[in-house]
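My structure is below; once you've seen it, I'll send some questions.
Which chain is which? They are A, B, C, D and E, in the order written, and residues in each are numbered from 1.
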């Protein structure tokens, strides 16, 4: 029995959802309702398959465990790297994510990644995330504080423990709208963007992988993915105009 | 070996060839002793001679390595319950009471509850019945007014008298006493010995381990002198305590008059 | 200078209280289960049966020598894979907490039982009580009194440990604090609120344990 | 079915070993500092001076009744704001761990000292020793023997607690596990590796504590 | 009040009007007692009469609520060190030894170390010097061969003899003994009483709390009968032990012949 059949006979498609990860995911703790563009994407896949969507609550590192351990069928918002590809299967890109610095210090605005790579700067990042990988690669000389969650990284910047934080464009935009003290989004040169993909169990059958990849490719090309993303940013008062010059999702 | 005992019909408790080692240390090397109904036997001897170990073997609190204990002619087995021709340790202990040097009262029970514990839990008496009997025995040891006290509120002598009442409430056929006055203030020794003396007068069958030589001489029908895990001398109080002939017995008794 | 503002915390007080309730339920549930299981473990240790003793001891060591955090992740993710079954995060949280508590409780129980003087068991035996009767009526009542302070202290630790179940997404107090963080970016205030809630519950318990311990020391 | 692969973990073994080293350093450092501070707290408790006693007790309760996680966050974020100074995460981690350990050690020390029979102090006093001499030569040597098992057990807990300093970004073993997770997406394997490392270090320690405890019980 | 004592010049230790309560319970109600050089005073009395409390006041292990202790005519103050005209408790205890009912040997020190602890730490003797003195006293109590044993390896009687040697090694002017045989097996009492008797013969000044009435009668120059926190009778052993006239003293002595 292949995965498509399995999901259909189960009647639900399961994905891991993460708390406080606007615009990807968020859950209303009072009603238990999920929102975010990753949820919208999953809902589209579910309706394509004619099943219902179930969100299993998780965290960034654990969402991989969820697909590896079969607690979920797909994990969204995953940055594909070759090393990670040895542990889970990845779909074609759903969109492209750019990496940014968020800082209250305007002096950083003009600096490139190479100039930021200096021991006099301390950056905060959430542990094990794709931005963590980016900072390991591009900011090896700078001081990097790694925290369990994005929120703690934000607090580190707000309380002056770090000059700024490294994160993705999407997260950065939301954070600056939520709290002024974090400063503003800056895009150091060169613009780094990595594909965001859907992760699946390593042993999944080819049919399922092909289906998910086809879904991702199609919706990225046709602009549906961008639409879902932009829609998820609306509640925060962010529009495409807020995006820095030369940055997009299409890759 | 036949189950019926060849000993006299009125033998209550009998030890035959009891031997016991702790690890490499042989403590008892074959001890025979029979308690006849109504008899009071005192066991004296130097510290470490095995008196406690022996008297504990008599009700199987210590399992002998060799030899056997017989109660009213029936062999006591290794199990708690009766098993075939052998009687169980539970049965033995129900009929043979024991009083310890350190009282071992149950600190979480009142005086009365200490005494009724055995009759209600082991003999299945009703609470009311057990309390009536218990009050009887508490009165006998002069502690009826302490019925609701906690053990911690009693003096050593009072504790020991409660412990005796607790043993008596099981209405045992024989009583084993292991240095019941050694842990007491000298002043309080008298009150406990008084109770034991009265029990002897009433005809209770008893084995008494004691260092109170003059008390032993006065109250016993027979005195046993243990040394090095064997019975070294045995006889009437007169023979053992007043006119000792055995050399080491003489030396032992001499130390008490230092 | 940081400007404190507890207003957003008050606004979210329903979440905090709900999280507190979940924490209490998991703590209490795992204490009860841990108690039962710990008693079983303790009897295995004291059974005199070598195999039972070793198995129980191995179990205890496993839980004593690894961080609870790692145990939670293991129980939720790895065990289902090994057994080929599905384990819900609520079940995993309760089970891990209970097993962890059991490992520590068993040691407390064992110490308590061993601390009861041999003379007590012998006095019970001397009036003809069976081993089970001695344990139930003589040893356990005394041991439980004596181990009560250690038991309460371990339960206080258990209460604090429950904060870790948020890593497998059970919505306890710590979880709610991060929810509120994410909404308000007031982590100092929300962690302060959490600390105060913990303190308000646990302080009386540690006082109680100290009080009982002092009273026992006097009475013995 | 999950396919296990420990290869990426072996590739990152330098990170794990470095993290282990950091964990050991923080554990050991906080044990030493906690010991010194715990002794001081314990003497405050036993000083007979009511004010000192209360302050020490209040301090202990504060640390006993709130989760270490919350304390770490507080020390790192809130205290610097309150004091208007900068506290490095390494300093905050070491300080919090040490204070936490001190609160628990003090209780162990106090119990150990109080457990030494009054007759021992009196025998010392009767040959003319001063209070300090009695404490140093008579009470502490006996108390330290007796509290060694509890001390080791608390230190095992301390070792496990050190895993929490990763929340303020100190690169301990748990931190390295998350870093490797992020790189390789092999969380089960990396958590397993962490569990094994903890177990390998802590198991001998708990055995040692049990052994000493058994020996003490026999000799007393 | 003048610092020079009006008592006889050879008074070593003197208690004047000692009173002491524990909480609401008055235990000592004004006790006077002087120990002259070379004198042996025995203190007897029922349990709870305050004997231990009083003898512990004599070397300030228990702080009296009222009254004073004088050592060689000098008042003992509340501090550890000497202070003005008053001598400190440290000085008092350096000159007045004490032996306890429960020995209180230091379990983490060998027999020899137990005895040298005071001389080296308090008197500042060299290790070698202290050991020589210690071996002397260990020989006196018959335990020279146990020098390297641990307290746990000794019998009760041996422990108590080491405790006496430990007190003697301080070369005290007087010795206080509180029921030094009460915790011993009856057989072992003799060896300890023997040591005490020899000390008395050698002219050691001693106050002895004891329940061994006949020993007290034999060894003492004076016997004091305490009851209810006061000295109820006092006199020669003959007057107190053999021909008691005081009513309660008679009742007390009678209990030992129960």
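Points to keep in mind about this one:
Operating definition for what follows: a contact is a pair of C-beta atoms (placed from the backbone, for glycine too) under 8 Å apart; a residue touches a chain by one contact, two chains touch by 3 or more.
Molecules present, by chain and UniProt name: B, E = Polar amino acid transport system ATP-binding protein; C, D = Glutamate/aspartate import permease protein GltK.
These numbers were taken from a predicted model, which means no experiment stands behind them.
When the partners of chain A are compared with those of chain B, the chains appearing in both lists are C. Shared contact partners of chain C and chain D comprise A.
Chain centres here are C-alpha means, and the one lying farthest from chain E is A. Centre-to-centre separation between chain B and chain C, using Cα means, comes to 46 Å. Chain E has its Cα centroid 52 Å from the Cα centroid of chain C. Averaged C-alpha coordinates give centres for chain A and chain D that are 38 Å from one another. Annotation for chain E: no residues touch 2 or more other chains.
Touching of two or more other chains is recorded for residues 1-2, 77, 81, 187-188 of chain D. Along chain A, residues 62, 65, 68-70, 152, 155, 159 each make contact with two or more other chains. All chain pairs that count as touching, in label order, are A-C, A-D, B-C, B-E, C-D, D-E. Only residues 19-20, 26, 29-30, 57-59, 62, 65, 68-71, 149, 151-152, 154-155, 158-159, 178-179, 181 of chain A touch chain C when the two sit together in their complex.
Across the interface of their complex, chain C is touched by residues 59, 61, 80, 89-91, 93-94, 97-98, 100, 102, 104-108, 117-118, 121-123, 152, 163, 166-167, 170 of chain B.
Within the complex, the chain B residues that touch chain E are 46-47, 155, 182, 185-191, 193-194, 211-212, 252, 255-256, 258.
Those residues of chain C that touch chain B in the complex are listed here as 117, 119-120, 122-131, 133, 137-138, 141-142, 145, 219. Listed in rising order, the residues of chain D touching chain C in the complex are 1-2, 61-62, 64-71, 73-74, 77-78, 81, 84, 114, 156, 160, 163, 174, 187-188, 191-192, 194-195, 198-199, 202-203, 206-207, 217.
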